[in-house]
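What follows is a pair of complexes built around subunit A, which joins subunit B in one and subunit C in the other.
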Partner chain A sequence: MIVAVPHQATDQATDQSADQSTDPAPPRTARLHRPLTVAEAVEILADGDAEILAGGTDLVPALRARQREPRRLVALRRVLELRSRGASANMLIIGAGVTYHDLTGWSLSPGLAAMARVVGSPQIRNTGTVGGALGTANPRGDLLTFLSAVGTEIVINSARGARTVDVASFLATGLAPTELVTAVRLPRPCGPQVYLKIGSRQAASAALVSCALVVDRVHERVTCAIGGIAHQPTRPAAAEEFVRQGVDWSTGTIPADVVAGFGELVAEAAGAVPDPLPDDVGVSAAYRRHAAGVLAARAVGRCLPAAAPGAIPGSAGPGSAGPGSAGRFRS
Partner chain B sequence: MADSRSSGDQEFTDHAAAGQGIGRSVPRPDGADKIDGTFPYAGDLFLPGMLHARTLRSPHPRARIRRIDTAAARRLPGVAAVVTAGDVPGRATYGLIVADQPVFARDVVRYQGEPVAAVAARDARAAVRALAAIDVDYEPLPAVTDPERIVSVGGEVDPLHPDGNIFREIHLRHGDPAARGTVQVSDSYVVGMQDQAFLGCEAALVVPTADGGIDMRVATQWLHSDREQIAACLGIPEDRVRLTLAGVGGAFGGREDITLQIHGALLARVTGQPLRIRYDRVESFLGHPHRHPARLWFRHTASRRGQLVSVHARVVLDGGAYASSSPAVLANAVTHASGPYRVPHTVVDGWVVRTNNPPCGAMRGFGVPQVAFGHEAQMDRLADALGMDPVELRRRNVLEPGDVLPTGQLVADPLPLREAIATVAARPLPAPVSDRTPVTSLPGGRLAAADPGRVRRGVGYALAYKNLLFSEGFDDFSTARVRLELGPDGTPRAVVHSACAEVGQGFVTIAGQIVRTELGVDQVLLAPADTAIGSAGPTSASRQTWMSGGAVRAAAVTVAERLLGRAAGRLGLPPEVVAEPRRLLALADGEIVASEAGTRLPLADLLADGPVEAVEVFRHRRTQPLGPDGQGDVHVAFAVAAHRAVVDVDVDLGLVRVVSMALAQDVGMVLNPMALRGQAEGGTAQGLGLALMEELVVDGGVVRNPTFHDYVLPTIADVPALDFVALTHAQPGAPYGVKGVGEAATCSATPAVVAAVRAAIGRDLRRVPIRPQDLVLPPGQAHPADLVRPDAGGGG
Partner chain C sequence: MNNDGCARGDIAGGSDGDAAALAGCGTGRRVSYQLYIDGGIRLVADAWLAESLLGVLRDHLGVMSVKDACEQGRCGSCSVLMDGRLVASCTVLAADAAGAVVTTVAGLGAGGPARAVRAAFLAHGAVQCGFCTPGFVVAVTDLLARRPDADEDEIREALAGNICRCTGYGRIMAAIRSIQDTRR
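Up next is the complex of A and B:
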């Protein structure tokens, strides 16, 4: 049972049932806070003893199954500043309360829109949020994989102020219980972007393996993230550098052997991750490594048209990219 | 009992009897409520002040129980009772065929999820806390999870249970075991564990009664079997255990066995208070038996012209920890192992064994889907070896009336196998993949990973037959009562009473259609299914329309007879006419018509003297037990299904999309076209699920995916619209010539999809469900060591 309290509520006496004083189990009711601003939300979170409720796609099943029994819940739906999205000259800014559905038709970011369209079921897309995906940080999450490819800053607020981290640092260090993800900032697209995903059925499926690929025609770069291989999205640096060198940036075309070589290098990178995910119930780890290469080659092929045969610039297949030559793309 | 709605009769009204009779697409009486969410399922039932019961389950697939300490749990506030094996007053075990399963494990647990204790508390939270406070001291033992090992060492080494490790073995011999054709194909096949995955989890509401018994509303497939087992374990007479069917959210065989019934009844008696016991999804997956995983080996031989000469098969089913219906499932698997083909020489060796895996029992198809996957894969490979079209090979070998089955049983009734395979082969094919095909219509669907240039199409065929009703000499019957009376408004109405469990198959619809057809009344009420009347048998084996439909029809016919007799008396006709009134009188359009005199008597006038009632018991023809060498007239009848599947496969990613499914099924006669289509579509979808995605993965006896996140069911995006053709040949001995239609399509859908994938990629597939890695990785990597040894021994 959830007891709603006004948004300005501070800790008041709770209406726990009589046996709670002798009972080691958590209280039977959670207090529901409904702040109207980020400032109010982080104030409530300041003692580190509340769960955040956004779309509820992860939290509500966990509450129902009694896997989590929080004393307090902070519901974010009324925090309108979290639900906006916008663009500056170079950047897109997306509030943590923006849903997948909000993103599916967003013309400013076709890649993000394509990613959002293949998340879960319509019900999940209608309610699941950007902040929720980051808060849960499922290693195979569609959004996390996409954000890893584009180079994203995550804006985090707490009562002590705001900080900004990149996706990798965010995944490495996580979120303190007093903190709230308020937005993500990513560069405006400067070229084609795709998100390809393998699920366990034709729709309404979590990603078993996925590939986000982003072409930056301005800075002449290709960045790629693979989901479903390791405990966080995998960035195949050598493969990215290989394809950067292989693309004819004057025409934006790519030779067939570069496409194939890219796929091989991605599969290789997938095989070299230090913390591979084990075999799952549906697909083996060996299959996921194989599929990563196939998806990556298809992704780059969809983004860049094939070069006419014979018009291949100085590229000689995998191996031509020097080790460690690809710096990580940052926005 | 209170619930969110009145639990009253379901009513069929406002329709002219003629338009709502047999042969019409009459809608389900509960259809609208099921769609708008107001239908009360068992889990929705409640009583004010009821207790909440939960079950404590073993986390180990095999362990010795050194000690169970419930004292701390009993002391918790809000806990009303904790029960364990020592609290079971009657028989300590239960089971559908043999009572080998403990109500609660006492000294040893034999599978992960086996019940060890149950609690009742004032709310669900307190019940969960009580479970956590029960201290069970387990000594884990090495789990025996390889059924092949049980077969190879013989069942009596290291018995997992006092009854031994082999539930049943059958060695069928027909013809000359040494006979061989000139062309031979042999291979091994594996079938994973499918779950019934019904959507409405197990639930019951139990109320203790003053006579020391219980009233229970429960979602089940067989009220009387539940009652018998509950009464035996409680140690009270059956008449003190009164069961009423609650709303059932699907069953597919998964509710044939007892799950929570005895636990709930015991707790209600111990506490003296009403309670609800209900499973969540994980508990449902762990709590009911599944489809048997199978390891199969076949050797088919044929003449150069494509006539089957011999089939040798070896069938090993993993029954899991307890017997459930394993012995009967094995009989089906063995007797159907060579498929619906004329095979002069057949040798089948079958075992169903006990392991520390989850118990397996009944599921749609009941042993036939497993062997159908194997025999149909073999037929395709034989066609390849002969250089023959797979449809033509099947046409040449199908059984026909007058042929003899591998059991020695004569095929006596219509069996339209050739018509079925020819029908699906002639259906129009879907358009091929082209540049204009949207990427979302390629393998992978809306996830859009497919490359149209790397997609290959395949077409596959499968033919199967499935026995109907209970086999092996079981005395199977169903009871129904029909009463014709005047309703409160003075118009005639019929009331039907049967214990038939409506689990979605449509008995509630068909019963009304039958009574309207036989008695010509508009209004038919269906009384709640309960144990106040005799057994209707289980809703399984494709039997309820035939058996309970037969009982309802017989009762209605008797009512009509008695009514006409009453009319003859009223009209002053001679005694010989009163005794045989149909000679002169007929019931038509709600009136009694005396054809010669032209006299008409309205029903309402006749019923003013009081209602007319009849109870009838319907039996099918007797069969024989399976004799030595697997011979005997064991099956009542068969239904035939043929599928043609068309698939697209992404050959780099191993992703499959089923583009079209055509089904020709032998249905006897059509009683309700809409309900028939529902069964055909559902059966097809469940078979497709086994082919491509549905598997309960068990690793070392531990279930790894007991949720709908990881146990993947097909959605509407995975199942194409079904191109369905009903083949109608009246079945002798069945009401209106009907055949049961729930199972046959499940048996042929799986092998048809597999055949289509095989045709698309040119690789033999030896395992279902097919996993993406099976299609793209080298075979050694794709198939771990889960295949049986080719030409493995075992008496073959």
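Up next is the complex of A and C:
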């Protein structure tokens, strides 16, 4: 039996010495499965000690650096049934093998398309998949923030059958090693959707803070998710309710003080998460909380036009009940 | 094509018997398989299963135009086309690329659009140290094939995944604009 031993990090300097013929500890990965169907894939996963290879943008570098050494790999590139996407009257269904590039320009979901367009670089968008983003569940993942805002069901298959779980529970509990994310189901858009993020360089690093905001003109609702604050996207429930009451749904406009108050409530919610991500180098948690409020106010302002001053009576406008200092979060 | 004869270090292909998913049987955890590289079939012999396409191209097949820098899919210096799509070869598992058509800068063709890109890079001095150049030529050729009339914002966005550490982006932009001008 060969035991994996700790291996020094592979970087540019040690690249040549990492040549496999001189490597003292051979990689543990011994088998690659390339199933053609979901049924084949979950059967292989049922045997255990296997990692799923979706787009490879996270896993392949980790394999190369020997941060991960699964005994077996299950590559999904040839499972064509995972690459489909479609819509019913009120739902969108997207296969786990759909790439960001495939979502770019998808007319059925302009918000999702706009989000996909700002993920990483063309190289990453051409390979990274919906299922891969969920499997990796990077707290800074763009897609996770968006799916959390719209309210998404994750379809999971295993050899024992299929189950469906909402995205928040999925991110809280994760996948069993024998399970495979096969699709996501989300409501068809019923209004404007915006995805905004702040970071250093889009193509080379994940967003520090992200905000997805979804307006539902039919059900008169605004939902919002903030990424980069906690280990999974944060849904600021109080802020969502505040803005729902503050919008004039007959005209779809929003008073400036509601926009500002919304930003403050989102920043407040970001400060109250039970499991905040630690301070980054040069980027404090306090900055990220502030940025969350700025992004949320900007997002709602982009989705809903400003109400004409005085259009909403002060007594009826719930905006008057919100936190003060209107305009503080306007950029 | 399954090869259950291999105790370990093997590739289990699909049930369709796809010849391109040639399952190899190597010693230990090494495997052999074929890749389509730049229009030819190349045999990869005794590679570790977990190797990236970048590693296999350079270390096993001697394709040195594919550059090895960040190994995290961030810098674009290892860019190739895989089934016609621009990818960072460091994020592709080599053994899983069996059956796919891989095109490096050398496989873009001696004539046609790639030749124009190379000529424009030379004419505009869009090459400084040259390390990022093969990746850029692949990315630019891909961009101009998809979006021949891309405006400056679109060009910059399309090349965001290719980093030039000499920061010679201005010359690269000029080269691309000159190609677009000559096509009009």
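We take it that the second predicted complex is superposed on the first by the 279 of 331 C-alpha atoms of A that agree within 3 Å, B and C clash if a C-alpha of one lies under 4 Å from a C-alpha of the other, contacts with A are read in each partner's own complex, and residues count from 1 in each chain.
As a working rule, contacts are C-beta pairs under 8 Å (C-beta built on N, C-alpha and C of every residue); 3 or more make two chains touch, one makes a residue touch a chain.
Since the model is a prediction, treat every value here as computed from it, not as a measurement.
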| item | value |
| --- | --- |
| First, second, both or neither for A:Arg298, with subunit B first and subunit C second | first |
| Touching partner for A:Arg77 - first (subunit B), second (subunit C), both, neither | second |
| Subunit B versus subunit C as contact partner of A:Thr253, first or second or both or neither | neither |
| Residues of subunit A touched, compared between subunit B and subunit C (which is higher) | C |
| Which superposed partner A:Ala286 touches (first subunit B, second subunit C, both, neither) | first |
| Contacts of A:Leu36 with subunit B and subunit C, given as first, second, both or neither | second |
| Partner chain(s) touched by A:Gly199 [first = subunit B, second = subunit C, both, neither] | first |
| Which superposed partner A:Leu63 touches (first subunit B, second subunit C, both, neither) | second |
| First, second, both or neither for A:Asn138, with subunit B first and subunit C second | neither |
| Common interface residues of subunit A - those touching subunit B in one complex and subunit C in the other | 19, 28, 65, 201-205 |
| Touching residues on subunit A, where the partner in the complex is subunit C | 10-12, 15, 19-20, 26-36, 40, 44, 53, 55-57, 59-61, 63-65, 69, 73, 75, 77-78, 101, 120-124, 126-127, 201-205 |
| List of subunit A residues in touch with subunit B within their complex | 19, 22-23, 25, 28, 65-66, 114, 117-118, 196-206, 280-284, 286-287, 290-291, 294-295, 298, 301 |
| Contact set on subunit C toward subunit A in their complex | 8-16, 21, 28-31, 47-52, 55, 59, 68-69, 71-76, 79, 85-88, 90-93, 95-96, 99-100, 139, 142, 158, 160-163 |
| Sites on subunit B touched by subunit A in the complex | 77-78, 125, 128-129, 280, 444-449, 451, 652-655, 657, 693, 695, 697, 704-705, 709-710, 712, 714-715, 717-718, 771-773, 776-777, 781 |
